[in-house]
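Following: one structure in structure tokens, then a few remarks.
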Amino acid sequence: MDIQSLNALLRAVSSGKTSVANAAEKLKNLSMEDIEYAHIDHNRSLRKGFPEVIFGEGKTADQIIGIMEKILVQEHVLLVTRVSPNKADKILPHFPEAEFYNDAGMIIWKKDTIPILGKGEILVISAGTSDIPVAKEAYLTAKAMGNEVGYLYDVGVAGIHRLFKHKELISNAAVLVVAAGMEGALPSVVAGLVDKPVIAVPTSIGYGASLGGLAALFAMLNSCSSNVAVVNIDNGFGAGYMASMINRV
Amino acid sequence: MDIQSLNALLRAVSSGKTSVANAAEKLKNLSMEDIEYAHIDHNRSLRKGFPEVIFGEGKTADQIIGIMEKILVQEHVLLVTRVSPNKADKILPHFPEAEFYNDAGMIIWKKDTIPILGKGEILVISAGTSDIPVAKEAYLTAKAMGNEVGYLYDVGVAGIHRLFKHKELISNAAVLVVAAGMEGALPSVVAGLVDKPVIAVPTSIGYGASLGGLAALFAMLNSCSSNVAVVNIDNGFGAGYMASMINRV
Amino acid sequence: MDIQSLNALLRAVSSGKTSVANAAEKLKNLSMEDIEYAHIDHNRSLRKGFPEVIFGEGKTADQIIGIMEKILVQEHVLLVTRVSPNKADKILPHFPEAEFYNDAGMIIWKKDTIPILGKGEILVISAGTSDIPVAKEAYLTAKAMGNEVGYLYDVGVAGIHRLFKHKELISNAAVLVVAAGMEGALPSVVAGLVDKPVIAVPTSIGYGASLGGLAALFAMLNSCSSNVAVVNIDNGFGAGYMASMINRV
Amino acid sequence: MDIQSLNALLRAVSSGKTSVANAAEKLKNLSMEDIEYAHIDHNRSLRKGFPEVIFGEGKTADQIIGIMEKILVQEHVLLVTRVSPNKADKILPHFPEAEFYNDAGMIIWKKDTIPILGKGEILVISAGTSDIPVAKEAYLTAKAMGNEVGYLYDVGVAGIHRLFKHKELISNAAVLVVAAGMEGALPSVVAGLVDKPVIAVPTSIGYGASLGGLAALFAMLNSCSSNVAVVNIDNGFGAGYMASMINRV
Amino acid sequence: MDIQSLNALLRAVSSGKTSVANAAEKLKNLSMEDIEYAHIDHNRSLRKGFPEVIFGEGKTADQIIGIMEKILVQEHVLLVTRVSPNKADKILPHFPEAEFYNDAGMIIWKKDTIPILGKGEILVISAGTSDIPVAKEAYLTAKAMGNEVGYLYDVGVAGIHRLFKHKELISNAAVLVVAAGMEGALPSVVAGLVDKPVIAVPTSIGYGASLGGLAALFAMLNSCSSNVAVVNIDNGFGAGYMASMINRV
Amino acid sequence: MDIQSLNALLRAVSSGKTSVANAAEKLKNLSMEDIEYAHIDHNRSLRKGFPEVIFGEGKTADQIIGIMEKILVQEHVLLVTRVSPNKADKILPHFPEAEFYNDAGMIIWKKDTIPILGKGEILVISAGTSDIPVAKEAYLTAKAMGNEVGYLYDVGVAGIHRLFKHKELISNAAVLVVAAGMEGALPSVVAGLVDKPVIAVPTSIGYGASLGGLAALFAMLNSCSSNVAVVNIDNGFGAGYMASMINRV
Amino acid sequence: MDIQSLNALLRAVSSGKTSVANAAEKLKNLSMEDIEYAHIDHNRSLRKGFPEVIFGEGKTADQIIGIMEKILVQEHVLLVTRVSPNKADKILPHFPEAEFYNDAGMIIWKKDTIPILGKGEILVISAGTSDIPVAKEAYLTAKAMGNEVGYLYDVGVAGIHRLFKHKELISNAAVLVVAAGMEGALPSVVAGLVDKPVIAVPTSIGYGASLGGLAALFAMLNSCSSNVAVVNIDNGFGAGYMASMINRV
Amino acid sequence: MDIQSLNALLRAVSSGKTSVANAAEKLKNLSMEDIEYAHIDHNRSLRKGFPEVIFGEGKTADQIIGIMEKILVQEHVLLVTRVSPNKADKILPHFPEAEFYNDAGMIIWKKDTIPILGKGEILVISAGTSDIPVAKEAYLTAKAMGNEVGYLYDVGVAGIHRLFKHKELISNAAVLVVAAGMEGALPSVVAGLVDKPVIAVPTSIGYGASLGGLAALFAMLNSCSSNVAVVNIDNGFGAGYMASMINRV
């Protein structure tokens, strides 16, 4: 039941066309539809800068094109994650405003410049060069959600001094995203240097006892720094999204 | 908002005391409270014979007594699971209608005889004598929920002929609950003998590679009989509850 | 030993051609063959509407064709699960009555319309669009076993209001099948809304810490709703089969 | 090297008492000590309202008293987590300003009223009554760190309507902490209702396939809502700390 | 139906008192009871030297006494495994022929000397002194089942020469049982020295990454010697039983 | 040091050419080489009918041909396991006496008829048709090692009566090998019917919670029948080898 | 800040151009850059014979060529690990001094002969022929780092006498690297023979319950010999590197 | 056969009392006993400073006293690990030269001062105060084995600057032992600062997702620094032993 129908019903009660009992009966069943309002609100808040997202893995180029066309009608920003270069080649010609970011496997479509809505800077740090795709996904997501975003490459704990050279950059960030595979130690070290929230993203980089990223995940969950929370393995998008949420609190 | 308030509001609209716009505004926020109705319905259905349950583990005797007193006001049947004999000794004196079933670690309180609501018989089978506490929990739960319930002890797969002696009993059941620890094979074998739904309950009985019941759990999930579904390890209550649900379909 | 041989033996005893001792000896060894009767009964019950099933994965198109030909002689319905489109293209020309359902990867062959044998409606719910193949397998299995079956798409817990819009549909179902990957939370939420049995099917949809469906599986086994039982990861067929069993109790 | 020594050295250079080469040599080795400054800064920021914490588990009452005495000299707030009532009885007499919170197993000592430093309200939600100790730890930590904190009990997904009754409370929070054991579904559902960051805390509540909280942990990491990040099992303190960090961004 | 009843029925047929049709009907349902014969045969073979066994863990002394009394009527040998000294003190006074073996936690009751039924010698080897309880259980079980049994202590792979000193003993055994915890390497090494079947028993001895015996279990399953098969962790009884079975082939 | 060198040294001592001290020194280091003798014995026992084996997986056809050529010089029987049809096509032309068994993925080469060395019959049982490759590997290995071997297909626990029809065959076997995937229940059931050693082989057949055969493996290790021992997942060769060892005890 | 800038600043203080306060302020922030010195030292130590390493897996030939070109300017030795023959074919033509080692999947480039820096001999032992790639990686790494390195093939525990033939070789080594898959028992046995440090490398060789090398890993961590430490599964490079470190202590 | 017997035999050959053939026969069987020599050698090397060790956990005070008395006759140093204060109180009165180290749970007995045999200094570092028992075990073991040993407390990665203050101490060590629980990141960070071998000891300190030390263990095995090797969880003794081995290379 939308707002028009509700008004019509109430007018009918008001004018005596519908009895109170009859209207009460109809309204008793209203509850579920009413939540629609929340849904609409939610959509609206999304349109204020939170992009819609399509998880590209396991979808064909044609399927992605179809979903994109349906969403673009009512959105200003749209992300497609986990897109291979091959798929991107097929998708991009249909959407002139879309751009493909090869290192993150991401397509970003936007109607116009995204206004900055986040309060501070989000800094995305990656431990090794192999973690870059995941970190880049976080970086681009945070950008598309209207944040100033900085980036620090390849500063893993095996050469901890590389990290310290950038202490100012690190201290200035309002929120930090740290992507690391293998032993997953970097988020703990970074979180020990700042008093800001750190979102840790384990990556599946490694072999053998890295258990597809579980070793890094468990290390991060056991961080001895308390300003660390963790998202799923390789979930760069989620980390960027969570950081954006935090940056608007 | 309860049904009285809703009627009052509509009458106010009907009589012109409240404007349509004003009422619409109020009703837009109605949704969450409305779900209350479902809540009330749900309670009512419970009172028709589905007992309330208190998970006794980790609660003191005093806490259990307190919760029981609060619930008994509006219920006809009440189960308390995972009660040690010591706790039972302290609880029972407060509730003359309550009974303690030592082998299942369960207290059952009821106002009067529970009417039979289930359509067929539920049969509870246990593989070994050590699985009896879990099986008994299922048995008593199904009884308390208004079912005819049968029971078959100690018919594990190491002596499969013991099972076959009771084929008629097995064939007559409408729903079966099968509790087994160790290799967890019994539900598959039973399910292969009947064309009725079998609820499998892995128990934590075993040692070493039984992994606290995970070995039995995984075996049951991989049953080559398709009429098997599984509940949590040692969850006799859940199995009896699910069987009761099925027996009323 | 079939019934004819048994009669012959007894007639020989009756007429004095065989001594009692001799016959007793023969009958002592009778037991195993006798179970054949059960076997025949079982087949008969299958023919009443419970279809035979071929697990297609890991079998070649030729192997599937061969098995189908052998079974079709004595069955009225036949399911083949986990069939790729390529295999289906090779199989279908041999069986004019067979149909391929691409989204479920299933071939269904039937001699004639399947009579409705289930008492109520089975409702199949899927959390995300990626869970559809598993949910569809459950849906088609339940259909082929003679049930009225409904279907609800894409109502995961991240947008719980989508679920509530369909509360009536949900309340009317006699049995529910809920397929979900990732965090596997939907069955618990659905089971909290109804007092009917819910069969939960974890799917392998997800990545990283979804552990190929184990995360969803464990979540479902730990459901705080007691009217939930679980089948193996991606086992849509088993869920549909179990739901059918329940719907005939 | 502290700031006095540095000034002395530079004055010596300025006055010609020390040669440039000599001073350069000394300063080359300065780096490690220099980080001391950061350390001091860090301490200062702590004194602004971020409390020191003692993990009480595995420490005797005497050990805790000793550590507390050393810390209290220079701090304004001090938390001790995981304290049993027995230990608390021995500790409290030594510290008149300290209070013991039995349901969270926590001692909080503070010199004076903690000023509110967080921007919005933090809301702590717990799924079941058994999750309260963990949720309470988060609640008290966030309070002690200078936040307005709300609390919502016992709103698990098995009765999802209980949650919806409090939608306004939920929508008004700036940051949410959600503690849940068993299937760990609540954070996903809550996160689907708001566009605020949600910190999920799995608890070890459950049995059998709950795997000591791992089932809840994995469910939360696989949340289909993107505004969820996770801390270690039972880590209520960490969740409250992280939420405070976010609330000051 | 026992053999007397069967004879009676056949005599009734023979004498014309019962019709063929009537008897056929009764015999058609005979199968399940008939398996009783197998049961009886099975018991008889047991009495020939294969002892009955009571798993003592989790049973009270009184329960064990009760079960023992029931079994002793018809058996010649009886084992009770996993008995604590305390329980043994209560049990032994009731059974003068019973003996308690402290290092294996086992009670053995026997009517008279057990005849040797095994063909060769069974050799039980233990890797470390901590593995002795498990190894001793295997040793005593094999003895009680009528075998010549040898024993080799403390010959783990960290000092492999200790093993080689006993090569003759090892070569002479017909079947070997090897118990080892920690890295579980000993069965592989022993099996490489002989061309006899080796039953490997992982023990739960170890700490940390020994995972309660799983590390040893997996090592043994991956043995690069092909004459190794494995029983459950700490299952000394099973290893002794299996070795006895093999020794009679 | 071979036997010639030893004699030479002793003759030198005898003739006084070498001092006692000098010879003692040399002999002190003799130990390791001496074990060579054992090695030779071992080879001899192999040549009496225990075949050499090449694990074909991960080796190219050329590598297998090379190794075969080297071994064939001194052996009478040779097995190659895990060979694909493609590789077999390349290998067979080089060895006229070799045969490829497609369903087991095995090549067997033998100089002449293998004499029967085992005492009784080995019976290989497989639960499902998908377990046949593993069971066939066990069957062919046992044959090649000089045993009478029987075979029983497709008698899984979902239709347990199929197993009972063959009770005589089962009772007559001296050793049994039982291969099963999924829930891995068959070995327990079979072992409950006989008093002979049963070698259980878990197979990787299954999906989802079968965990690549671990579910079956754990079920078998927890067998409530004590005459069961287990080999590695899919290790048909090992099972056949172990059964042969047992059959010669 | 490099050493020139530091001198310039101090000269400015010395000459009065910069005030002490001003310089102190600048130097307070010096710390992070200062660590650069350490970095340079580190590089220098590398140039003394410790090679740079590129992990080749997941990088294209072009990417590897690019990184190699950048590194070669300032290094004397360079390793590329996990290179397929195809990639090697594309890479080698660009670097005349580089060599490809097919069995280890490694490219080694060096300017000139590597001087021997290690004190004793490193001995690399592999259990089976399938472990050779990992063992070879360790061997080549240790060579490239300036060590005398020996090699022992195919001496697994199933034929332990093969190992003993080489006892002298084993006793003479200063450090040992032992690579083994399957049950991972070899390092324990070797470590029991010597009083030298043993670096154990589990390999992913095996199937079924080898769990991709985890079975071997856990066995090695549980070694009952205390002179064993372990590196990641298949990490031949790390083992060779660690052994080199030890050989220079 | 001991060295006296060997000499006697050779003298008999030399004097013609024993024929060459006869002596050859005896010596052919010598091999296994010969390894005794190695054993003796091994013992001797132990007496040069490598202590004997008794694992105290699970042994009674009386058992430990008994074993100690037997060993002390022929050793100069003796360690007993994992001793509770209660047991120590009972053990110490029997051995005046023994000392109990409460924080490490260790008894050390020595005849006289242990000579320094290690070449450089071993540095033991612990991440948190809770890791001290494990680190102390390593420290005392290395001391007892004749090394100069340093110690650094409580320098975990959450406050990485604490570590850097001790850079000189760290750089001067020849071998490092690093004990850490929770996320286990410290060994990686330390190893990145030095070019010396680092032995990493995971501890079981932590809760929830620390999995009893497995999280730290896996993190350490995945260290991105190559100069790290790992021992079992809580195995401080093994780490100290391995470090001593390395320090004598």
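Chains here go by letter, A, B, C, D, E, F, G and H, matching the order in which they are written, and residues are numbered from 1 within each.
Just so we're on the same page, a contact is a pair of C-beta atoms (placed from the backbone, for glycine too) under 8 Å apart; a residue touches a chain by one contact, two chains touch by 3 or more.
Treat the numbers as computed from the prediction; the structure is a model and nothing was measured.
The copies chain E and chain H differ by a rotation of 90 degrees on their C-alpha atoms, rounded to the nearest 5. Comparing the chain pairs A-D and A-B, the larger number of C-beta pairs in contact belongs to A-D. The contact pattern of A-C recurs in E-H, the pair among E-G, E-H or E-F where over half of the contact pairs coincide by residue number.
Per-chain CA centroids place chain C at a distance of 50 Å from chain D. Note: centroid distance chain F to chain H, computed from Cα atoms, is 40 Å. Here the spacing of chain B and chain C, counted between their Cα centres, is 25 Å. The set of chain G residues that touch two or more partner chains comprises 31-33, 35, 38, 42, 159, 193, 208-210, 214, 217, 221-222, 232-233. Under the contact rule defined at the top, the touching pairs of chains are A-B, A-C, A-D, A-G, A-H, B-C, B-D, B-E, B-F, C-D, C-E, C-F, D-G, D-H, E-F, E-G, E-H, F-G, F-H, G-H.
Remark: chain A residues 31-33, 35-36, 38-39, 57-58, 202, 204, 212-214, 217, 232-235 touch chain C in the complex. The residues of chain H lying in touch with chain D in their complex are 130, 159, 161-162, 164-165, 167, 207-210. Of all residues in chain B, only 3, 6-7, 10-11, 13-14, 16, 20-21, 23-24, 27-28, 30-32, 34-35, 37 touch chain A in the complex they form. Here chain C touches chain B in the complex through residues 38, 42, 45, 50, 53, 119-120, 164, 167, 174-175, 193, 195-197, 199, 217, 221-222, 226-233, 237-239, 241-242, 245-247, 249, going by the rule given at the top. Within the complex, the chain H residues that touch chain A are 127-128, 156-160, 181-185, 188-189, 191-193, 206, 208-211, 214-216, 218-225.
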